[in-house]
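Have a look at this one before I ask anything.
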């Protein structure tokens, strides 16, 4: 079972803003990208399409505390930790470390709370459902503080 | 029948990059937003959903020539002109004018070529279709150079 | 003195994702855009450039709780409320209401915590500074719950 | 001397739109990211900061022809080819191939025309300058059609 995952990424020009730093909204995109890579590492896609329905994971909560900026071409390692797992949802913590500082420096820390839904293909409506057993069985709450 | 349309927008902080100017990819977002406002002005939505199919307008061509940069809080007027209309597609020209310069200055000029498709809800596949009559009847090629 | 501000915006195609709803990261962009419109309503720009330094407002905290999705062409009113004002920072609450539901429905609620900094033009380093008097004098903590 | 470069990337959830495909504006972001990786492969950064000035490469032209859509988690290889090199600018062609099709399929092809500028730190004004010799010497026009 998996409770931690690391993903590395380089800050791109289009991630920056006129203050010369990565725009804060992109930390949330990076969290999500890490979550999806975590799912792939378990053998799943975050977006599963059946004949009439699609399984999805809308966000119900997101937060981030920003300690230091990231700049163009910085290399950032994002650690995902599973904080909570319930019947219908998961809470993840994400820790951002700038790897091109020596030693690597924590620059931000955030949270995503997600729920599992079925999305009706005809009208797009989303209904909360239990996390599929095959997925739930592979995800474990991280045992300790980091 | 309509062949020209104007839309005004203000450059936002998240539209800028570390060079202090609007990131060039956002000119394409602004063109599309203007196209969609044009459709609304005709009484349509660009995205029409039926029971089994969705009508969509994927882009087959996009270009832009950039003459002057746009900066944070600049107010830009985007003029849409219908350049070509065929059975299955439309070509638009877009002219960007910075209104907070006196006189307003053309800063960029671009093109979108779009085709009308039906998107199957079950598998997402897109198939080219004739532009619905109700829409085609309301759109006219702009008569002259601007 | 101002403690509340409303800004209205329409969800664009490029704001959506393959789940058919506005991507959650864009709620944060919308909060920031509302903050900047609030500043303009007070007669200021969020981004003030002097000869050697630039005044900026980096985010130190951001959060959002998502109750209902927003979809393409939804019209959303974003209410900004000043929650806290200290010597060097401001905390805002943002309430998102979907105006094309009758009655308008609250779809999300979020927070931005920002600090005032001077950014050195030569090396880009940011240093926390007191909020300029002219700005601080115009901003007031909202008196009551909403 | 270098005239060709390949960069591989996976389509992310936030790159998609409600049509279920990568939003067309992101093809332009991917071109730019490839250009910057090309520069790093030569030992340079696209963004060079001196004491009073910054060297930059604003885009004067961008275009793209879209043949097939890209979807979430598609793996795309972007080939950069130097098409033209003049005293002050470079024109690149980019070819997008979807690697998870067998055989890989060309899905899009685009162009960026860029010019070298010095950006004054005090007022942000950009002035065209010759490409620095150290950079120009390492870049060669691709010899043949691909």
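Chains: A, B, C and D, in written order; residue numbering restarts at 1 for each.
Methods note: a residue touches a chain if its C-beta (ideal position, glycine included) is under 8 Å from a C-beta of that chain, and two chains touch if they have at least 3 such contacts.
All figures in this text were calculated on a predicted structure; none of them were measured in a lab.
Peer 1: What chain is the most remote from chain D, judged by the mean position of CA atoms in each chain?
Peer 2: C
Peer 1: Compute the distance, rounded to whole Å, between the mean C-alpha positions of chain A and chain B.
Peer 2: Measuring from centre to centre gives 32 Å for this pair.
Peer 1: For chain A versus chain C, what separation do you get between their C-alpha means, in angstrom?
Peer 2: Measuring from centre to centre gives 23 Å for this pair.
Peer 1: Note the residues in chain A that touch 2 or more other chains, in rising order.
Peer 2: 13-14, 18-21, 25, 29, 32, 47, 71-72, in rising order.
Peer 1: Using the definition of touching given at the top, classify the network of chains in this structure as line, ring, star, complete or other.
Peer 2: complete
Peer 1: So in the complex, which bits of chain A are touching chain C?
Peer 2: Residue list for chain A touching chain C: 18-21, 24-26, 28-29, 32, 47, 54, 56, 58-67, 69, 71, 119, 124, 126.
Peer 1: Within the complex, which stretch of chain B touches chain A?
Peer 2: Contact set of chain B toward chain A: 13-14, 16-21, 23, 25, 51, 71-72, 121-122.
Peer 1: Give every residue of chain A touching chain D within the complex, in rising order.
Peer 2: My answer: residues 12-14, 29, 32-33, 36, 40, 45-47, 72-73.
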